[in-house]
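Both complexes shown next keep chain A, but they swap its partner, so chain B is in the first and chain C is in the second.
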Partner chain A sequence: MTERKTLMSYLFLLPALLLFVAFFLYPVTTSIVRSFTDWNGFNAAFRWVGWRNYETIWSDIHFWESTGRTLKFAFITTVAQTVLGFLIAFFIYSLVSERWKKLLRVAIYTPVILPGAVVSLLWVNMLSPNFGMVNEWLHKLGLGSFARGWLGDPSTAMNMIMAVNTWKYIGLTVTFYIVAMLTIPKEVIESAKIDGAGKTRMMWNIFRPLLTGITEVNFILSLIGGLKAFDLIYMMTGGGPGDSTTVLGIMVYRRAFLSFKFGEAITMGILLFIIILVLTLISRKLMANREG
Partner chain B sequence: MKKMTKVWGVWSICAALILMLAACGSGNKETGATESPVATNATEPAASASNSSTEQVTLKFLYIWPEFEDKMNETIKNFEAANPNIKIKPEIVPWDKVIEVLQTKVASKQEPDISFGWTHWMAPFVNEVDAALPLDEYLNKDEAWKNSFVRNDLLATSIVSPEKPYVSNIPFKLSFQVVIYNKKIFEDNQLQIPQTLEQFEMIMSTLASKNIIPLAASGKDGNLDILKDSFAGMNFYRNGTATGDWLKGEESYSSPEYLAAMEFTKKWFNQGYFGKDSFAVGGDEVSNLLLSKKAAMVLGNNNQISALQPQIDDELGAFLFPAPEGMKAQAPLTADGFFVLKASKHPEESVTFLKYLTSQENQKLWAESTQSMPVLKDLKTGNETIDTLIDQVASSASDYPKQQLSYNPGELAKLLQASFAEYLLKSDADVKSTAEKMEKDHRNAINSGKQ
Partner chain C sequence: MSRNRLAQWSNYVLLSLITLIILYPMLYMILNSLRSTKDIMLFPTRLWPTGKLQWMNYADAFHIGKVSVYFLNSVTVTGATLLIQLIVVTLAAYALGKWKPPGYQILFFLFLATLMITSEMTTIPVFLMLRQFDLLNTHQGLILAYVGGGIGMAIYLIKNFVDTLPKEMEEAAKIDGAGLLRIFWSIDLPLIVPVLAVVSIMSFVGVWSEFFWALITISEDRLKTLPLGLLNFQSQYNTNYGVLLAGLTIVTIPSMLVYLLFSRYFIEGMTAGSIKG
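What follows is the complex of A and B.
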């Protein structure tokens, strides 16, 4: 009877296992294998080239410059999303009016569900130097000297994309925080209030420590999202002007679909995966130490 | 009973999953590129043609232009009526996805018989993938077809390397850089179409002084790089220095001709001739500048004229970018064209379809209804702008040097664009060090392509 039960449980696991093998294990293994080949993405045939792709990427100055930009993008957007997300969530949580709470929650989450292409077009138009709303408002407010081609100036292009990225994804962070805030026992909050804690003290001494777990989740999710950034950048600047917004995702795309060097593109993908893994482990470790 | 149903349910799901996985891999047992049934087809077109007259053949046809689907269907209908044994099965993809779609199709052995391709962008399909069928034999067998094209160098634009010196693509619609201008703004400011680069510069100066953007261009989409390369080409031609490395696309960016072209483009850029912040402006916004009459001219492509004209009440015109005094205008001809895949089992029939696409009858149909620029000489469309441009193209210099790239310049073009953008945007950027950086990236790209 026990044997039969065991067999049945394996049988029930089989569909999930098949899916795992077909859609995760097989592609990952194939990718790792093909990173050692000169596969061009067109033909089934390829040659084994050993570590050559890794050597090529390792010695490519453009790869390291893009890695630097990717890390900068990921860290700034992660910090901005986490800090602002927490503050906005606390603000919404503290509102008395249920109607406003609902409205703000929906409003802040809406950009998350908009496709990246739509968000990009929206902001490209708003930031346009000739027809854009942003410059028009700056002129109306008497701040015309600040008006510029936001996405055409290397000193502002990356900052603008980081701002748009934060605007698009902050709704997710806020939602996670609000859900977590709702799980904090009312008694704790009431006690703090009775002890005379104001909003700032409550936020810092009650909410922040009790939300460490969700902060870790938000931080890691934002970090991974930032490291994988592609669609917004591709649509908004295409990696320019110059190469000021060329991040790793853009380089991988170009290497694969413009140079038809899928072997090298996969190698970059694997290196990006290693970077993400290392950073995730480091951030988990740091947060675990803080909790400890 | 319930238990039995569950067990059977689980087994059915597993079986379905296994079948699904197996199905994904089926029909693809060949190992691919090394096997080339096509090579035989390429060298023996007559042999496969012997079957063609009797057998019913279906050709898979991949093209772009969803906006002209009705027109292409009409073309296909006319062709099928004239060739009852050939059926065309079309598939449309957006122009900016055609490479990826074709790539996936070739990789999965589901390639079409005939595919869209740019005549000047065949290197990936000829050199790297070896997927395009050589067409010289078919052209040589039909001299009238071969000699029907607007300029004798047009077919040669698809020859990509000395190692594979064959025509691989048949042009369908001409595609080249033109200056599109607002005739009313020109009239209001008593301006004439410039015949020389010097006159062009004076017109731009006049327009700029009246706060009209003279020549809106997108730095973001690479317009300024194309312009700079045109200037360089003119300089090389004038000095008779367009030889050797330059022709092979292994150019020396540090040559005086190239440096002068970079500096000349920067001069215009600094004078604001291309509009405000042209690196923040994409192709659509450039068009909007012309449509909103903020710009008098745009640097564009001949195929844009038909799309822009209905959106503006002023009449638009177009002319070739003028060359310096004493030189003929340069029209680096490229075309939207089609090529036959080597893997096609019906090369003869595919070529028959290509011939129909470039027939007088079909070219006229497309020119009249879509304002496409025909590829045939001696074809009058009745559209003044198109006919004038065709005449200009026919009389433009065909002896400007042409580069034959044996490598795929896609990613390299982006790197070069980035360096040139930095040079334009930084006021203190040094032209020589920028050129050296470009040269280094270029050499690296060529060397990595040779590995």
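What follows is the complex of A and C.
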């Protein structure tokens, strides 16, 4: 019986294991090994070149500029999403009307569900210089001098994409916070109220410390999302104007699928993975310390 | 009293502001998808359409803009991905959670470890592997990439659920002489349907809107899925806002329907997924 069970188990596990090998084990090892070769993706032949790929990228000014943009994008969107997300969640949580509460909870998550392509094209349309909704509103409000081609201007393109990114993903943060807030015992909140705590005090002294666990989850999820950002940027500006929105995700894509330098692209992918890993570990560490 | 009133008012202002910022873009999309370009460009602009609603925009998007082709492709790819993925991960997660063969802890750890790997580490070798097998520019290649990429999370969620299955019914069934497969098929499988629903809904939303893999593997227009197809749609209808927005609305409807019908499952899936930390 046990033998049969074991045999059956491995039979059940076989398809998943094959996929694991084909889509994780093989590509990860290939990536690491090939990053030390001059392999170009087309010939089977390759030579060992040691750290040369890494050195090429290390001395590439474009790589550092993209890394800077990626970090800026990730940190600003993460902080905006976490802080705003907390405030909005607290606001929805403290609404008296159950109906509004429900409605807002459903509504705020809808942009998360919207396909990235829809979000991008919709906002490109709304931010367009000619008949874009945003410029029209500015004119209506008497702020016409601010109107511009938001995505065609290197000084505003990045900020606009960060704003759209926050608009799309803040629902995720808010939902996590609300779910966590609902688990805070009513007695804690009541006794704080009796002690005369106002809304601000309540938020800062009761909710914030009780929610550090979920803050960490929210922070890290948006951080990883920001560091990997690709879809919205690719579809809204393609990395331009100039290089003003070229983040690492875009750069890896271009290196591989436009210039066909697969070796360099793979190396960059590994570096991006290391950046993500290190920053995740650092933020976990920092938040764990604050908690203790 | 007046302070209370003020607080109440500021509450309402905030409430409307948040709702407006979230919903206005979507409202704009839906309302303008029913207007002619001339009507959209009228100055001063108005949100509500004036004149007749242009249902033709939808017909144009469907036929001339080829949304019908992209839509069918998306349905095929999403449907096949969900079906194959569900079978593969259910079998694996069940074996890991229920039968616990020798080495099952290591295997489970390996599947979990895939959640740590970012796509940047795997994309290029997988792309080249698909090219090797002549699977670029095919739906099969795209489906394989989606199924393969999603196994970690799905196995994790289902296995955790299988761990909680009750044992009593199984004991009774064993006494009745039911074999392993019988117990799996007629006792346990019906019990894990809820978690399978969560997994399918999460995969549906992910695959339906997936862009990157479609971008790098599909270049033939007749094979494109909706998110990718919309992109040439944009350059084609750059100045025909109504048709473009009709196209965007068509893509949005299936995701929205699934979300509004099953929003309870979304919260469940998300909270279950986030516990891994």
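Just so we're on the same page, the second predicted complex is superposed on the first by the 257 of 292 C-alpha atoms of A that agree within 3 Å, B and C clash if a C-alpha of one lies under 4 Å from a C-alpha of the other, contacts with A are read in each partner's own complex, and residues count from 1 in each chain.
Please note the rule applied: a contact is a pair of C-beta atoms (placed from the backbone, for glycine too) under 8 Å apart; a residue touches a chain by one contact, two chains touch by 3 or more.
Quick caveat: nothing in here was measured; it's all calculated off a predicted structure.
In the superposition on chain A, contact of A:85 is made with neither chain B nor chain C. Looking at the shared chain after the overlay, A:226 reaches neither chain B nor chain C. When both complexes are overlaid on chain A, the residue A:117 reaches chain C alone and has no touch with chain B. Legend: residue contacts after superposition of the two complexes on their common chain; A:240 is shown touching chain B, with no touch to chain C. Once the two complexes are laid over each other on the shared chain, residue contacts for A:9 go to chain C alone; chain B is not touched.
Judged by the touch definition given at the top, the superposed model places A:151 against chain B, while chain C stays out of reach. Contacts of A:257 after superposition on the shared chain: both chain B and chain C are touched. Once the two complexes are overlaid on the shared chain, A:41 sits against chain B and chain C alike. Touched residues of chain A were counted for both chain B and chain C, and C has more of them. Once the two complexes are overlaid on the shared chain, A:127 sits against chain B while remaining clear of chain C.
Comparing which residues of chain A touch chain B with which touch chain C, the overlap comprises 8, 12, 15, 19, 22, 41, 124, 131, 257. For chain C in complex with chain A, the residues that touch the partner chain are 11, 14-15, 18-19, 21-23, 25-26, 28-29, 40-41, 44-45, 87-89, 91-92, 94-96, 99-102, 104, 107, 110-111, 113-114, 116-129, 145, 147-149, 151, 155, 180-181, 205, 208-209, 211-212, 215-216, 226-228, 230-231, 234, 241, 244-245, 248, 251-252, 255-256, 258-260, 263, 266-267, 270-271, 274, 277. Across the complex, chain C is touched by residues 4-6, 8-10, 12-13, 15-17, 19-20, 22-24, 26-28, 30-31, 34, 41, 88, 91, 95, 100, 104, 106-111, 113-118, 121-126, 131, 133, 136, 140, 167, 171-172, 175-176, 179, 216-217, 221, 224, 228, 230-231, 234-235, 249, 252-253, 256-257, 262, 265-266, 268-270, 272-273, 276-277 of chain A.
Looking at the complex, you find that chain A touches chain B at residues 8, 11-12, 14-15, 18-19, 22, 38, 40-45, 52, 56, 62, 124, 127-131, 148-154, 237-243, 246, 254-255, 257-261. Chain B makes touch with chain A in their complex at residues 7, 10-11, 13-14, 17-18, 21, 28, 30-34, 99-100, 103, 106-107, 109, 124, 128-129, 131, 219-220, 275-282, 285, 288-289, 292, 294, 408, 410-411, 413-415, 417-419, 421-422, 425, 448, 451.
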